[in-house]
Amino acid sequence: MRVTAIAIVLGACGSPPAVDVTLNGSGSTFQKAVQEVAIDGFTRVHPEIAVNYGGGGSGKGRQDFADQVVDFACTDSPFPPADAAKAKGGEFIYVPTALGAIAVAYNLPGIRELNVSAPVLAKIFSRQITRWDDPAIAAENPGVALPDRGIVVIHRADGSGTTENFTRFLEQAGDGAWTLGSASTVQWSSETQAGMGNGGVAQIVQGTEGAIAYLDHSDARASGITCARVKNRAGHFIEPTLESVTTAGPGITFDDRLIFDALDSAVPDAYPLIAGSWCVAYLAPKVAAKGAALEQYLTYVITDGQPLLAEIDYAPIPAAMRERALAQLGRLP
Amino acid sequence: MSSSANLAVELRTRKRSADAAFGWVARGSAAFVLLVLAAIALTMTARSAPVLSAMGLDFFTSTQWSPPEKVYGALPFVFGTLFTASIAIAFAVPVSIGVALFITQVAPPRVRRYMIYAIDLLAAVPSVVFGLWGVLVLSRDFGLGRSFLTAGIILAVMITPIITSLSREVMETTPQADKEAAIALGATRWEMIKATVLPHSTGGLVGAVMLGLGRALGETIAAALVIGSALGQITTNPLAAGNSMPAVIANEWGEAGTLHKSALIALAMTLFVITILVNLIANAIVARAQRRMRGA
Amino acid sequence: MATTAVTAAAPLTTSSTPDLRSRPNWRATKSALMTGVMILCVAAIAIPLVAVLGTVVSRGIGEVLRGFPDFFTSDIPVVSRRVGPGMGPAIVGTVLATGGAALLAVPLGILGAVYLNEYGGRSAFARTVRFMTAVMAGVPSIVMGLFIYLVWTMRMGYSAFGGSLALACLMLPVVITSSEQMLKLVPQTLREASYALGASKSRTIATVVLPAALPGIVSGCLLAIARAAGETAPLMFAVGAATRLNPNLIFEANTALSLQIFENANLAFEGAQGRAWGAALTLVALAFSLTLVARLIVKRFK
């Protein structure tokens, strides 16, 4: 009797196709949506392989990967050399997966368009500018009725590659106005608020009038919050869109490990806050049997998986980079 | 004849050794508690040693927490934990005692039974559910934002059923004869409560509050969702965004490198020591109150 | 005393029609006032609790019932921004992690309680164990999670069993304390009767003492399980983040309802938040039914 009850319970959970291999990954939340659509598409073609992606931030991904508690990890910035040496599994490769925009999102009812430049952003995020009707903001937004309201700065609570890329942009393009350095976490003023992950940041922006935040464009779009236009190197204020990111692709230079920096593109109609993100995999996986599945999955991500990225507002990696990445993947067992 | 006597002896010794074996298995199970606690203390101490040797006592007194610069001062988080727990206690204690008095002294028996059931069920609601409500409804839809106050309110709602339930049990032990004597002397209901129920239950109530406090101090998830995750904030403004020890551990663990992890473990150690002290004091007070009640 | 009587009586002499009923009685008013305050207290806690449960039910029920039983059977959508059902793997994960924890903690806890009450008594060792059990009951759940990460996850990877270990550590002191209390209630005369019939100590415990205390012990264990099922922090460091069904207790990452609620609560997508409310309703229903069964057992056998 009890046995049948259990059988019914298990039966009710559907009979899942037999899973032979499970791949576990963690890391970049910037890349979470990329991994999600890739896993969704991949497991439809390969039901025998299960892929789990836990997110948790680039730092967690790199740590988990170094400790070999995951099969692959995703990160928004390369391993610091000291950490790379500590990776328990030996030599590993970088596979770039997507280009994405970091959006500057804000909550000002009635204001659908807002222009900001890097120096103004730097001053806002370091609390040198604290009100929306500050002359520096007004100068970039002629004709916009900026409210007499305090700015609420929102940043990531957890260490994040998005924070690192955003602060690096402020440092590079901010004309010296940014003094907090660039890292996955920086010493924010205590007057700021923090959210866990992009989702946490998006929620606070949704619920706080006067808020400004940085988060990935994909999440900002899906949460229905408004994004500012950011001034690029050519001097144009550009809205983050799939096109304004894709157009920056071919101009990106990369090294032998496929590491590159896509920030502050010189292309005239490119959005300036663009970041790349990578998957990392050991050449000799801890569980040898997983090697083939891992190669299949990562190959899928950069080939058939690329067109799926449009749904989530990420741009594909440029063709030249893809060819090199496929060659790297060929080195997996 | 002799073989059956041997058999009897053998059976008896086997039975006796089985008996002894059972006793040892039971003793071993009890010893398991000591084993686990020792393992926790040892692992945690060993893993928090790097940051404590790097920071020294500054770990507990410095207000700067900056992983990139390898500076770890835990004071703001200790403060945040105590501050949110105090807000929670300030809300929860009067309400819990009021509800417990209502259940034990005012409510008709039928209502009382249902209320006891309801309180027990509410104590079983998982904290993450309160956290979900806190972050999506209280903080976003009601616009309360993320702050010490929001975290304190959520914690208060969470611990009220627990404190109420314990307070009710304590109040129910007030001898009926005392209460009747008070009424017979012409006391009103409130005077009867003041003269008999409250003095009788003081010890137990303090214990109940301390157990609630222990729960509020160690609560991670609800606080992590609504406290606001600000760094280095020591302020008595309840509307400011803050942070607490468990929330920091939950939020930063993923990103942490070796020394940072060590700092988070040291934070956990600190939390561990504080909550254990609170719980032990609570247990001692409850035990003393129980002894006194039995003596009375 | 006498003066008060005189002053109190004074109005009577001046007024020809004294109305004793309408005389303000401050003491009675105060008592009524305090009763009012108590009712206010009941309202003060009832309102937020009803609001929490009301929201869980109203937002969760639609999610759970849409295309029934899809919510309970299908996988968790990998693309978290999509709207649609699926908490099957989380339900299985919660059952596995909690069930595994119960299998570890319940026998160990009951045996420990048997030692404390039947063997140890007031010996120094038993008193130490009792004290340490109280200490262990106060360990914050996130500390247990970290501990399990350090001794288990770092070596063995994420799995439901890691979660079981963390939850078992949380349950153990609760099971010991509640079981010992129940054993204490078994009348000494029962044990003596059993010894008089020639039964050994272990036999007496197994056939007389434990059966007599069983309803209380089972109820205490169910309450401990109900609490463990809702825990999140200890699972964060041990279970992982699977989205597909993993009926395997020991191997491969898994997930749990509480973890899914925590994760989705942090997302700003409608679909993810809907699933969080559905998972919350499922988890609350699970915890409530375990608690109710525990109460019924106590009531039935009292």
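Which chain is which? They are A, B and C, in the order written, and residues in each are numbered from 1.
Just so we're on the same page, a residue touches a chain if its C-beta (ideal position, glycine included) is under 8 Å from a C-beta of that chain, and two chains touch if they have at least 3 such contacts.
Since this is a predicted model, take the numbers as computed values, not measurements.
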item: Chain contact topology (line, ring, star, complete or other); value: complete
item: A-C or B-C, whichever has more C-beta pairs in contact; value: B-C
item: Distance between the centres, which are taken as Cα means, of subunit C and subunit A, whole angstrom; value: 39
item: Between subunit C and subunit B, distance of the C-alpha-averaged centres to the nearest whole Å; value: 13
item: Residue numbers of subunit B (touch at least two other chains); value: 135-136, 225, 253
item: Subunit A, residues touching no fewer than two other chains; value: 195-196, 203, 206
item: Per-residue multi-chain contacts in subunit C, two or more chains; value: 266
item: Interface residues, subunit A side, partner subunit B - complex; value: 56-60, 63, 83, 157-160, 181, 183-188, 190, 192-196, 203-204, 206-208
item: Interfacial residue positions of subunit B with respect to subunit C in the complex; value: 15-16, 18-19, 22-23, 25-34, 36-37, 39-40, 43-44, 47, 94-99, 101-102, 106, 115, 117, 120-122, 124-133, 135-137, 153, 157, 160-161, 164, 188-191, 193, 214, 217-221, 225, 246, 249-250, 253, 264-265, 268, 271-272, 275-276, 278-280, 283
item: Residues on subunit B engaged by subunit A in the complex (per definition of touch); value: 64, 66-69, 135-136, 139-141, 143, 145-146, 224-225, 228-233, 235, 241, 251-257
item: Residues of subunit A that touch subunit C when the two form their complex; value: 10, 12-14, 16, 19, 22, 24, 26, 32-33, 36-37, 39-40, 43, 50, 52-55, 67, 69, 195-197, 199-200, 202-203, 206, 219, 222-223, 225, 312
item: Subunit B-touching residues of subunit C, taken from the complex the two chains share; value: 27-28, 30-31, 33-35, 37-42, 44-45, 48-49, 51-53, 55-56, 107-109, 111-112, 114-116, 118-120, 125-126, 128-129, 132-144, 146-147, 150-151, 169, 172-173, 176, 200-203, 205, 223, 226-227, 229-233, 236-237, 258, 261-262, 265-266, 273, 276-277, 280, 283-284, 287-288, 290-292, 295
